[in-house]
């Protein structure tokens, strides 16, 4: 069994944002030499996501509005008990649960085995600082 | 390490629907010859899900109503920016995030290692056309 | 390829609750002898979750309130068709979908490869009875 572990760092300037990281993941998979296997891609921070969806700016705007409706940002400790700790990011912990922590993608014949529109995104819900994403390839 | 990759195609007649695909996944796992390992099952389209829950028609009706409440269908471009592209399925991209893209299931002694009620479903949120599901088995 | 399969049992006294299970998972990973690989941790019951987030009591209180808002408990069969079966836990099947069934975690140099705040939780949404969690380690 082969394996390869890499860490990517992202620093988004907005509080909430999505970045297409498919090229970086494809490059790591190619470099691993794995022909048949799996790649795990996960946020290492708990106010961020890795998810697969469409690279369409309108949809990303819709996601932001929708997530804000489901879990509104509110820095005050009266709405969110978590914000009594001095944090202001309780909403980000919720948005991340809806969008998910990780994806597992099949590697077939040495490549990401994707449908026509699948793209991997880093999702940030408490940005303006550097955070890491783990990429783990296993297979043969 | 052994591996097996298969693609299943589903064509649901309704816009939203759930289909129990456990028998097909169990058959692929058996055919792989893997005794100890993992199977990844994921939607290859970004308005569909693969998830694990109960095969109970009342619950499925509840899921549809609940998802419609959280992310209502609205073809107009005024509610969802994504629908300015000519698409009408922005809601489906949201429903899919709640229900998830994929499941990873343990294979133990050659079989899906499931609790008493676990069943694998294909979840469709923008149906009336054919879509694919990827099944990747790895292990020994 | 090495593998190890373990089953953990949890019996939470409240209907909804979160338990940090990171020490148990770390011990199983150490015992497996796997240096590079993956560990799958999943709820075997469909009204429970395994998820990764922060071990902060205020956040957990926020999660409970938020999930109750998105999918309120209501034992009556008028709100949820599932409860016509004699069950009262339709809401728990929804809460579990938001929080997720499973996590897949990288094992690097024999340890859970985690960011600074990542902790694994068992999430219970229909408690007061024993339920199982599956832990499957694969790698080398």
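Labels A, B and C are assigned to the chains in the order they are written; within every chain, residues are numbered from 1.
Following the convention adopted for this analysis, contacts are C-beta pairs under 8 Å (C-beta built on N, C-alpha and C of every residue); 3 or more make two chains touch, one makes a residue touch a chain.
Keep in mind that what you see is a predicted model, and the values were worked out from it rather than measured.
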For subunit A placed onto subunit C, the superposition rotation in degrees, Cα atoms, nearest 5: 120
Same or different contact residues where subunit B meets its copy subunit A, judged by the half mark: different
Chain centre separation in whole Å, for subunit B relative to subunit A (CA means): 20
Numbers and ranges of subunit A residues touching at least 2 other chains: 1, 38, 70, 98, 100, 104, 138
Touching residues on subunit B, where the partner in the complex is subunit A: 1, 3, 5, 38, 40, 42-46, 70-71, 80-85, 90, 93-94, 96-98, 100-102, 104, 131-132, 134, 136, 138
Of all residues in subunit B, those that touch subunit C in their complex: 1, 36-38, 51-54, 56-59, 61-63, 66, 70, 98-100, 103-106, 108, 113-118, 138-140
